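The structure's right below; bear with me while I get my questions together.
Going by the order they are written in, the chains are A, B, C and D; count residues from 1 in each one.
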Amino acid sequence: MSETISSQPFSRRSLLKGMAALSAAAVAANALAACAPAGAPAAAPAAEGASPLQGTVGDEMRGKSLELSLAVIAGWPPSQLPIEMFPSFAAAVKEKYGYDVTVRKTEAPFAALFQRVAPTLAAKSQEFNLIVSDSQWLGALAEPGWIIKADDVYAVNPELDLEPFSSLVVNTYQVYPDGSGQRWGFPQMPDTQGLFIRKDLVEDPAEQAAFEAKYGTKLPSTYDEFAELTIQEYEPIFEFFNRPDQEFYGTAAQYSKEYDFFSCAYHPYVYATGGDIWDPATGNVVGMLNTDANAAQLEYFRSLTQYMPPGYSDFTIGSMIDLFTQGKVFSAFNWLAVGLFMISPELEGKVMAVPHPKFIFPDGEKKVIGAMGGQPWVINAFNDDDHMRVCIDFLKWWYQDDTQEEFVSKGGLPWSKKGVEAEGFEESKPYTRAFKYMLEEGRSRDFWHLPEYAELLAVQQEAYSAFASGQVNDPKRVLDYIAGRQQQILFDKGRTQTAPPAELLDLTLS
Amino acid sequence: MTAIALNNLAKSYGRKQILHNLHLSVPAGEFMVVFGLPASGKSVLVRLLTGLEAPDQGNIFLRGTDVTRLSPGERNIGYVPQSFALYPHFTVYQNIAYPLHLARVPKPEVEPEVQRVAGLLGIQSLLDRKPDQLSGGQKQRVAIARGLIKRTDLYVLDDPLVGLDFKLRERLIDDLKRTQAMLNVTFVYTTSDAVESLMLASQIAVLDGGEIIESGSPETLYRSPQHTRTLQSVAFPQANLIDGTLSTQGNRQIIETPAFRAGFSGQPNGPTPQVQIGVRPEQIRIGTAPGRLTCQARVLLREDLGGEEILYLDAQGVQLTTVLRSDDQTQQHVDIDQSVTISMQPQQLIVFQQGRRIGVCTGSE
Amino acid sequence: MQPSRTRTTVYYSLLWLVALLFFLPVFWILMASFKTPDDILAVPPRFLFQPTVDNIVSMLTRPNTIPYFINSLFLSILSVTLALAVSFLAAYTLSRYKFRATNFLMFLILSTRMVPAAALVVPIFQMYNAFQWRNQFGVLMLYTMFSIPFSLWILKGFIDGVSQRYDETGFVNGASRLHVMFRVVLPQVRPGLIAAFIFNLIFVWNEFLLNFILGGPGTQMIPYALAVGLTDSGGNVDWAFVASLSTGYVLLPTLMIFFFQKYLLVGMTFGTVRGEV
Amino acid sequence: MRSVHPGQPSADPMLLARRSPLRTFEESRFFSFTLLLPILIFFVALNVIPTLWMIGMSFYNYSLMSPAPPTFLGVDNFVKIYNDSDLWSAFGRTFVFVVLAVGLETTLGVLLGFLFWGSSNMPGRRLALTLLFVPMVVTPVASGLFWRLIYEPTFGVANYLLQQLSGQKIDFLTNIDWAFGAVLFVDIWMWTPFMILMTLAALGSVPKAELEAAEVDRLTAWQRLWHVIWPHGKFILMLGILLRTIDAYKTTDLVFLMTNGGPGNITELIALKLYRYAFASLNIGFSSALAVILLLIAIAFTSIYLWVLHLRRYREGV
């Protein structure tokens, strides 16, 4: 650091010098802190002979009483379940290890939770011991060394290292950097995309007859029939059920600026062209995202709004639930993890969830690559030994068969081979079959896990929202705008060697 | 015993010198009025005396002790500030009791003291009110009561009667004078009102231009002022000043004015022949009598004030003012433009040279 | 020229109408807090409904509501009180001892209040991280700091209006400087204190951004609860909760402007404009 | 009876002010600095140091999320801001927002202020004014949220009324033509009462005697406004406008909660942008540079504010 300071040609004026010195000192302090080895506090020698990463092994926690602080996502039901189920964990450890533990919940909506959590970790605070992180945050949390490396935990607790159902789980919730094999997160709940359909309507003979009369084809009515439909084949169905005069619409999808809502809904359309949103190998966005094919898909994605209720440019996960449960839409694209909430008591038995519509890929194959949702647990690297033990104890409890079963029965979704392939799972809920289908190898994928994800996401959500709302109507221009700015961000961080073309940076959204 | 001695005080604000070389001595038990026209430095003098500000130079002795470096609270002065400064959040009673409260006088002793002082100023019926329920005169009396309640022998009253109506002022002047006499304490009282000074004071000090130009009993100051400025300011209406020339004829000194010639006895303090003769309006009479200096004058204007009238006269180009008591039967009636003979007692004609008294006239020449 | 009775009635009715129009949106939310969730989302909106206190009960029984209310009260009252104490000392000093830098200092302190909170919060956030101040103490200090500029301006204006003769009369009678400050001057600037108190209280009471960013355990206030807890377990906005919490929260400032209406103007203009409306 | 004999004042020790160490200190020259110390500590610790720190940071490439040590960039961050067309448009948008919000609030506030002038005998005036002033004391977070409920396209009451009147619904907050106006409308709802308050204050500052004289002289309403009311009222009104300008410039919570800057970037005001750079991206260096610029603008506003105040003091000898 001292080199950095002395080599700077500061102004001769002493005032400026003083200021610079002050800030340099501050920078140095922060940098030192940031450079501290990952997991250092946790790696402190275990006085009792056992690493805290092993969790409680003997009597070391007996008689203690502490509070475990969990950060969870507000308005995202799956992440509330651990809180709800916490008392049985407390009872279990009380009996097994003899300590008392209570839980403190802090929650915030998706985007806000990261803004709430990251600064505390930057401050090396153990304000949150165990965090339900979103999958894309892994890099942001792992790279500065704010969270414990999962591999270190697995090394001393092999029983935690369950066999995953597919590589999607590992790639989405555990590994950073992509492809490195280094694991940081512990899957909390996996999630995939699906389409919720009003079963009662498609099974209605009157509707079926009317549909056939109008389109000359049979209205699909079973899971198997729907699972094979491409998005283009869905269109007549959406159109058929789109009855604005009755305030009833064909479908709904998420076009909101909020967090990653638009992006996740749109990405399957990008993958369907064989395209991508960036090139992880070279770090390039320009040339990958802003292709004509992607632009055509963006346009197409927006064209689906003709079958949707008004106000779609603000549609969020919650809007899907609202619209669907209030019977305003025939179908809704949503995360399967909120399946339980898509089915209100009045809709009991009237709902079917099917996999995301398919696409005809350039190779002629009919398939889908959906976006991954879901979250991993991550463990604060700055936990003291006692809290670290409790975190590990908690994960051990969480991954027990009976805990997982209870979780699934309450609407959670499993990720281990054992859990997903468990007998009766596929039939257990109206949405579990589609979930399992989408979690198969190659049927879903996640996007960046980079530390810069928040910046990258902010750029594209704003631009996509501008397109969704009609502020900009040229899809190519939207993608050019995003590509230029994302390339600049990655270039500034040294993740790509190619600077963005200047003309892309001059684009605006208005 | 000397209650107050100010020795060579000086004070300036920024570049502006407010007081310089100020000397003053006040014997105990006196009612000392510091008289000065507005902006003469009275307020600054009070601030130095009470200790609110420190002088740039010089010393302040109270009761024989040097208090120059002591804080206001240590000087033990009863204080009636200009413009009352009654605490609006206190009742009249609390306001009056305030100095005793600060001196930590036990409660049982406070009540009779407040009653006594309130009685002195006739405000017993107001004790429960708040200052904003009082008239100007009532406020003034409360402020005075608060100043007087302090258990001390030295009180500073900073122009407490300014702005009051005439009748009320007369009453309060009486009250103050009586109170001071009764308590037998020292009062320092500043004012810019000549009548007030003359009525109240046992001693007057005239502050002018930042220094005490003279001090003494009202009688002395009135009859025999040492400065033209004293003569002019300690008076109502303003005193007459007649320009003249002093010359020596043989062993006699003669002053020549456009109106008259008069002899002079005294010692000139410089070679300049220009002198001024000061004469108070009430000392000029219409008509003549043996031994008096006479001259002719024409009446320019009459102002009838009821009990008395003021005549503006022209005596061979010299403007003179005179006051006649209306009920004075010895005075003859005059009309405008009438020519009259006026006369003055020669010993009352004070001769000033360069503003300082050098003697009196001796008679007609 | 005595306006007729009818004209006066029409005039006053018009004024009431304007006031009610401005209040209407708040009234709508007030109503919503007594509606069932179904009534809130009803199409068309229900103007008549069976009132229920369920929302309020459930809002109050949410685990964090009461603690957040307590945090709101604790942080706002304490920080503003502290700010008033600090500002009073400074305002007295700047008013009575004539420093040459007084005007410049006043300017600097006021300008800090004009900066968007997000600008200052970045460095403060870093500093708080470094000192581990992101706790009740830190947030309290921050709100105190944010309450100081207005308090100082209001109080300085008021103290300037208290004649120095009051101080001096005290001094001559043996009062100490502290006695004069607290027993003579302080009671006379009570309107300023009240105005500064109310105005800053409302500010801290309503503040969200700093609370959200800098807050740690024990510092979260109701706006924070509103912003992060607005979704129910189904992921959609829980309007019943939002409505009942907003209604409960706006009660205190509303009562304040009702009971201390005459201080409102002084507070809203940092004491630079005196008078009542 | 007097309890103390004149001339012997020192006989009673109660009469002497006590010279305690505290008293000595109170009278020393250090005392005034001691009184200023608390505010200076607050000011230096929570203002001066963070501001200097911020200025320092603005010359660095520094992200909280990056494990790499900060590097000195010189003025690169500022150059980047200068070249960022997005930030320029955010500044432009903020400028439009401020001008429209303050302009409309002032116009409406002045008109209504005149309407309320002379309502001193109105029955229930205090209650009416309280209801009128409530919008400005509602926490912006709550206003943002419950206006979302009101604007809601399906069950919002605004759309219901609109439908009754015009037969169609508008999704105010996501419609590119309406979103900005919808946010602006809420700001106007919140702050017009403030301008009414300022107008009432301005009218209250006009001496009664001059108004009566104007009545006697039979001045027209326009003359009365221009020659009697304006000369007295203008300063308070200007203060109101300035304060509103400064506040509107700082608007964050409202747009954050109501539209999250959307749709697109239509309601993305500069303070919200800053918030995103600072706390979504944790990009401390860049956001500090932006903060420095906002700080300079704020200082400019403050200077104008004080200049107006000074002018008033000077003219009126306040």
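Quick note on the criterion: contacts are C-beta pairs under 8 Å (C-beta built on N, C-alpha and C of every residue); 3 or more make two chains touch, one makes a residue touch a chain.
Given the structure is predicted, the values throughout are model-derived calculations rather than measurements.
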Query raised in the report: What's the fewest number of moves from subunit A to subunit D, given that each move must go to a chain touching the current one?
Result: 1
Query raised in the report: Out of curiosity, which chains are bumping into both subunit A and subunit C?
Result: D
Query raised in the report: Taking each chain's centre as the mean of its Cα atoms, which chain lies farthest from subunit A?
Result: B
Report task. Give the chain pair that accounts for the most C-beta pairs in contact. Result -> C-D
Report task. Indicate the whole-number Å distance between the mean C-alpha point of subunit B and the mean C-alpha point of subunit C. Result -> 57
**Report entry** Rounded Å distance between subunit A and subunit B, as computed from the means of their C-alpha atoms
**Finding:** 93
Query raised in the report: Quick one: subunit C and subunit D, Cα centre-to-centre, how many Å?
Result: 13
Requested in this report: Scan subunit D for residues touching two or more other chains and write them down.
Outcome: 17, 23, 27, 49, 53, 57, 154, 279
Report summary line: subunit B touches at least 2 other chains through residues 71, 73-74, 76, 103
Report summary line: In subunit A, the residues touching two or more other chains are 26, 30, 115, 119, 122
Query raised in the report: Which residues of subunit C touch subunit D in the complex?
Result: 11-12, 14-16, 18-20, 22-23, 25-26, 28-29, 32, 40-45, 85-87, 89-90, 92-94, 97, 99, 107-112, 114-127, 141-142, 144-145, 148, 152, 174, 176-178, 202, 205-209, 213, 222-223, 226-227, 230, 237, 239, 242-243, 245-246, 249-250, 253-254, 256-258, 261, 264-265, 268-269, 272-273, 275-277
Query raised in the report: What part of subunit C is in contact with subunit B in the complex they form?
Result: 163, 165-166, 168-176, 179, 184, 187-188, 190
Query raised in the report: Within the complex, which stretch of subunit B touches subunit C?
Result: 47, 50-52, 71-77, 79, 81-85, 87-89, 98-99, 102-103, 146, 150, 156
**Report entry** Partner subunit D, residues of subunit A touching it in the complex
**Finding:** 1, 4, 8, 19-20, 22-24, 26-27, 30-31, 34-35, 111, 114-115, 118-119, 122, 140, 143-145, 247, 256-258, 309-314, 328, 451-452, 454-455, 458, 462-463, 465-472, 485, 492-493, 505-510
Query raised in the report: Which positions of subunit D touch subunit C when the two form their complex?
Result: 17, 22-23, 26-27, 31-32, 35-36, 38-39, 42-43, 45-47, 49-51, 53-54, 57, 112, 115-116, 119, 122-124, 126-135, 137-142, 145-150, 154-157, 160, 189, 192-194, 197-198, 200-201, 204-205, 236, 239-240, 243, 246, 249-250, 252-253, 256-257, 270-272, 274-275, 278-279, 284, 287-288, 290-292, 294-295, 298-299, 301-303, 305-306, 309
